[in-house]
Amino acid sequence: MAQQPQHTKTKRYGMVIDLDKCTGCGACMVACYAENNVPFRQDDSDKMRSLNWIRVMKVDNGKAFPDTEVCYIPMPCMQCDGQHMQGHSPCVSVCPAVATDYDYPTGIVSQIYTRCFGCRYCMAACPYHARKFNWWDPKWPADMEKYLNPDVSARMRGVVEKCSFCYHRYQKARDKAYVEGRDELHEDEYQTACTQACPTNAITFGDLYNPEHAVHSLSRSKNAFRLLERLNTNPKVYYLSSKSWVRRVADNYLEGENPEQVAKARKAAATH
Amino acid sequence: MTTPAIPEGVKRCSTRQFTLWLAVVGAVLLWGVYAMFLIWYKGLNQTGMNDAYGFALWIWADLAVIALGGGAFFSGFLTYIIGKKELKSIINYAVIIGFICYSSALLILALDIGQPLRGWFIFWHANVHSMLTEVAFCLSCYFAVLTIEFIPLVLENPKLDRIPFLHHLSHNMHEVMAVFAATGVFLSFFHQGSLGGVAGVLYGRPFAFREGLLIWPWTFFLFTWSAAAVGPCFTMLVTWLTEKITQKKLVRPEAFELLAKISGWMLLTYMIAKIADTWYWAAVTAPARGFSLMEFYSNNPIYGIWILIAELVICGIVPALILITPKWRENKNLLVTAAILAVLGVCINRWVMVLQVMAAPLLPFQDWYMYMPTWQEVATTILPVAYGAILISLAYRYLPVFPHEKELNPGQ
Amino acid sequence: MKIDRRCFLSLVIGGAVGTTLTPVPWKLTDDIAIWTQNWSWTPEPEDGPSKFVKSVCTQCSGGCGIIARTIGNRAIKIEGQPDHPVNNGSLCPKAISATQHLYGPSRIQGPMKRAGERGQGKWEKISWDEAISTVTEKLAELRTRGKPHSVACISDTDRNSVAYLLDRFLRAYGSPNFIRTPSSADAQELALYLSFGRQGTIGYDFKQSDFILSFGCALMDGCDAAGQMMSAFGDMDKKTRLVQIEARLSDTAAKASQWVAAKPGTETDLALGLGHVMVRDGLYDKAFIDSHGFAFEDREDEAGNAYPGYRSLVRDYSPEKVAKTTGLPEKTIESLARAFARARRPVAVTGFSNPAAASVNQALAVFALNALAGNFQKPGGVFVIDEPDYLSWTEMKIDKTASAGNQQARIDGAGTKRFAHTRYLPNRLPEAINSSQGDSPVQALLVAGGNPLYTLADPQSAKKAFEKIPFIVSFSTFMDETAEQADLLLPHPHFLECYQDVPTPAGMAKTVISLARPVVKPVYDTRHTGDVIIETAKNLGGFIENAFPWKNHEDFLKKTLSDQWETLEKQGYWTDDSSRDNSLEKLFRTSSQRFEFLPRAGFETQGSENPKSKVQTVSLPGDVNELPLVLVPYSTIRISGGAVANTPFMTKTVDANVIAQQDVFVEINPETASEYGLSQGDKATLKTPAGNAKVRVNLFEGIMPGLVAMPAGLGRTGFSDYIAGKGVNVYGLIAPAADPASGLNAAWGARAAIGKA
Amino acid sequence: MFPFSFEWVWDISHLVFMGGLWYALSIIGAGMTYCVIKSLIDTAADEPGEGGHGHH
Amino acid sequence: MSTQSDNQTAAAGNRSSGWVVFVFFMIGLVASIISGWVAFPELLYSTKQQPIDFNHQVHLEQMGGQCNSCHFFREDGSFSGSPTLEECKSCHMYPMTGNENEQKFIDEYVNQDKEVPWLIYAEQPPCVFFSHAAHVKGADMQCATCHGDIGHSTSLREYQENRITGYSRDIWGKSMLRLGEPDHGGRHQKMNDCAECHLKETGSKGDCFQCHK
């Protein structure tokens, strides 16, 4: 959808994930399933057809025993700001029916399941495979429909879905603020389910524009990087790692290139 | 035998033979239709697609079939706008082939979407920035144009022609055909291009992404160009095949000669542009994103470097050279070989721009993504072929498709 | 006027044109699209007032505080309770997805009795009255026949109100056979008793420690302390060193500052080797040992028998020798010992690992390291938490039948002369039954908590033993592997539906009692096991009835918890720091009143002259040539290896190179795999002395060559189609091996061979 | 697609894109309308002649 | 050629004349238009009666003239919607008047501990997130602006349910597709109606996530 001139970008919600702290336990995934009514199947082992709004990838440094190291990388939707930071994230610009849109007030990329007609162009466009298709009608056996969260609608077969940064929690927090006569949300009022569930507090969430929010400084720390930064997708999910090999597997580099130099060059180019 | 439904002065096979042929092709069609209903009823889980392969066999088939159907708009352009009289001999057939290609493409698109009953959202709630919107609009509009181009021919069926209104309609539509053809060319230019744009704008997919002009990536122009170049080759190929099957001469040699020549030069210029594009992509676009060319091809037998060589050299430069060389293209065998190669080339190109885009890993820790179509996908992809064969058979039998058939087959 | 085809055609065309001018086509198109947006078979969750209820998760013994979000009478979501002292808001995936079990197809929806053959899966619904009277009649009959001691009860805990009620019931009834299912706490608790003279649990102050030396503990891989540990890890300063000793790069090892890949089963040697360096270099707390250590130096007992002390023992564990045993470089052993000794608040941890590998010697050796570091009852160190005593009991009188029954020897052999200090030996129960002539020594079995037919080592022979028991009652909430083989099902409510007290979980450095509370009204026709016991006791009458003066379980809890009930109701937990304040002077209750490096109780009663034999590693049966590899089970937090299976959500998180369709993948080092011609994803046959299994191969650089690692928790038959039928139960491939010191199962692995299938 | 559909914005992109679309559609529509009307007139003109129209 | 002409001549003799054809065309046209605009809406919607005829006016008077006495905001900012049985019971445990509807309520719902299955005229589909807080608290809007002056009604009107979509007729907008249904004094509640008001009041139709979940 066109960038509407009447919008002003007031907030830019983002996430910082400390990979040194992530133990790969999967609590974020499970919390997300429960929060967002993500269905499951008897055999969910075909990972290319399994609905996940956040996946935890296991990567290793490629070294032989006993010098092997493993790192887990949780990957939600990166909520890309797109080239030139104008909301033209890879998926938004391609959706033919405006079923996915850049929410200017929050910077969150929306997905409207009832608008989506399942062409899957957005999936082809997303380099992070953050988008998932509902290959089947969702089913909740026995009495499991009873645990469904009314704040999130269940998706029907044939549409694409993805992480929404738990936008409904933002809505609820705003409702509470309205009733209490406030305009602003506190940092802890709006937190995603995965952030809240992370047992080692590896995930931090907040407004990247707001210096009072932890993500503001964390995303600017020297260990911070994003996945596939060189594609100019401008994700709002940042990662922290003290290990250089982790940084190297987070993006593509030609022989002889080194991540730090490439990052420096990018920054220099961005400021000019 | 002659019945009033068969155009005057031409000979057609017996009804029994014709029915038998229809039954055979019809069986294939029914198989496809069964698969089609399975997909509509049970959903896209009936396919081999997955979250990595959001686009797969069908989108390739769409792109390929539309490229091959490009013969219609380009011949129309040459006939009605440039005024190449030689092509009158083949233009009807080009339109029919185009009609088949485009109706098939639309059918496949209706299958390919997860919520067919909401498919109209693409029109109603259009996002004008999406290449797919442009594709949908131009595709359906151009299909309307093709139908308009096809109608007069249908109305020329002896039985229909007897109805005065239809007779006049056919006549009047012929009169303004140039206007429709021009609109068709305009629409075709954009939707062929948009199909190229579909992959080219994916800046998150370095394998597909191309820089370009204004809002159009280079693939936009390359797709239009290649469709214009290869579409006529496909028309020639189908005509040649029809001649072989019917054992008749149907089209004047000048038409072949001219189409082959134009195709050849189009193909050659396209190849030059395509090679330049590939070079720029491999040397500038991809490395800026941390990819070297061989990362896109190595490590995988299916999507190996052979695919690039096949597309650019064997199915690109080689047929182009055959077609531009008068002596070679006069040799029917060489001409047909060149047409086959060119058609294969454009199919490989569309394959690469759909399937390999999905297959290539993006993050260093990912692997190549593999995909195998199910029988339902294959059946529904073959369905248009059967449907096309039936439509061609019917058209050939009952419509005056080839204006020079009588003259070219005096003995019969 | 002539009406012909043309008129009809005009009518149709007119109708078509007219229709486009009406709402019909447009409204239908729109409504059909709206219909696809609200398909009646896509559920629409009902909205309502939202509440947050504090409770505690009881799916393992970890005791994590939770907050359940409800909408009306629906439990929507489980989140961590941020102020809970155990987990500070951290939860494992199993706790988070507990609502799936609550409402899932695994639930037993009401009391049932077996209709077909055992294990056939045919059940007949019955009323609770019928169910309870069936139990009463059976128990009354056995008592009349003078065989009350042939009733056994298996439970997953011996420390909460239900366990106490069961135990009391058995004693009032006349049976000594209360058995706790195996857990990773077994060896630790026994070692604690031997060296400290206390019954209780060991607590580690992870949060304040600056050097955590873990001997293969699955701290963040799904041990019962996962919530606790992950919360600690999250708060941990990046300067804190966590060292993981393990042959496989587990998630704990991956997060550790240092991964020390010692050969499996050599942890005890390594602990003694580290002790060697510390003693050799004088890097130990001399003051503590002087005032509170026992058997550090060689000694003599009252009768004049000489016993070597710890110093002599570790002399044989030189770095050079230990390097050979463990496969580690000498340098690593030396530096590790020094780093441990020099840390300000070091702690060495054992016990949270494979529940089958219960090595008391390993626990003693690790305790000794803590003793050398002098870190008992100190911040960042080791704390001893006594057995809970929050439930105040009234004395009871028992009749003669009961006292005669109680004096019979336990069927599992625990507490006999051979295993004097071991309380329960569940793994010996199957053997005791299978080897008995004639009638089974167990005539009636009550399974209340735990899932022995899945969690016992060698589940095949356990199943065979169960076949010989004429009457099996399962109180399970779920149709688990044990319930499947029962005669009578008396389903206990899900933990989100009832009250349950939870004692201090293992590893906690202070006493924390929590209370699980009903979050929603019971979904199915279930009854609290506590209620059933009380009612059965009342039905049996006499002294037994008198021993249970409570209306029901809730009444019992309220009355016995007395003071704490209110606190528990209000904040969900109750803490007590008194065990933390135990001064060293009062801490040790061994006969020496000191910390016993080489416990007298352990060695002297068994009359062993050569304590070195105690620290030999358990050797695995099987021919090395025929079975050249070693199979080790591993825990992953995404698959539950315990009594209660994982939820479908957890299975969903598991990678495709761990489970694919029905197949489980075993991890093998690429080097080893290539020796056997195996590549990634290959189907293979795994062979051990206990059996064969079809598996697939996952190449992993992070595992020691020569090993094959398989996740625990798969190969289930019970629960539901969403859980059963995936992979194989690794414990079915590992035959039990008794720990010589305790009789507990200490089989940490099995010899194995693998070949392409 | 229409100025009254939800996504419509009066901006350059919409004007150019939709302009092109409506331009093409109107040519197609106008062309076909012309053909149909002209044919109706032609047919009516034929009627008195009772099939005496020419055939090429 | 001659054969063909003969055939045509023969056919012309049997043919109906142009005006008859035109009359048939008009019949088709008019009949379809009438049935499309009149019969179709009747067929499309089923009419349902509320389980109990509720008198808003009486309740409003008794409850102090405030809608939010029964339709209130919860502490967490969510809107309570229709009162639950529990809330109704706080007054209507036993009959307070001789009203037959009240008696029915007590017999069929209070005594049987069953929630009243009210048919909500303004019930939105599950994909919609509608914030009462944003409108009532944030924008200070009156209930009647959208819902009409329902507070002063003495009786509940019938509920019309779309047979295809299963949703209330009230929420499907004022456009042609709403089929001339009167607006009952409130606003229409299809997406375009929301957008129209938002555009007027806030200068933007709003982003998708503002109203969708």
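The chains carry the letters A, B, C, D and E, assigned in the order they are written, with residues numbered from 1 in each.
We adopt the following convention: a residue touches a chain if its C-beta (ideal position, glycine included) is under 8 Å from a C-beta of that chain, and two chains touch if they have at least 3 such contacts.
Bear in mind the structure is a predicted one, so any value in this text is a computation, not a measurement.
Touch-path distance (fewest steps) from chain C to chain D is 2. Set against the C-alpha centre of chain D, every other chain centre is closer than that of C.
Looking at A-C and A-E side by side, the one with more C-beta contacts is A-C. In terms of Cα centroid distance from the overall Cα mean, chain A ranks first.
Chain A and chain D, compared by their mean Cα positions, are separated by 48 Å. Taking each chain's centre as the average of its CA atoms, chain B and chain C sit 63 Å apart. Note: centroid distance chain B to chain D, computed from Cα atoms, is 26 Å. Multi-chain contact residues of chain B (touching two or more other chains): 115, 118, 121, 125-129, 133, 164. Multi-chain contact residues of chain D (touching two or more other chains): 6-7, 13-14, 51, 55. In chain E, the residues that reach two or more other chains under the touch definition are 8, 76, 78, 125-127.
Within the complex formed with chain C, the chain B residues making contact are 115, 117-118, 120-121. Interface residues of chain E, counted against chain D in their complex, comprise 1, 5, 8-9, 12, 18, 191-192, 195, 205.
Residues of chain D touching chain E in their complex: 4, 6, 44, 47, 50-52, 55.
Within the complex, the chain B residues that touch chain A are 43-45, 49-55, 112-116, 118-119, 121-122, 125-133, 136, 198, 201-206, 287-292, 295, 357-358, 362-365, 369.
Residues 73, 75-78, 125-127, 129, 131, 133-134, 137-138, 203-204, 207-210, 212-213 of chain E touch chain A in their complex.
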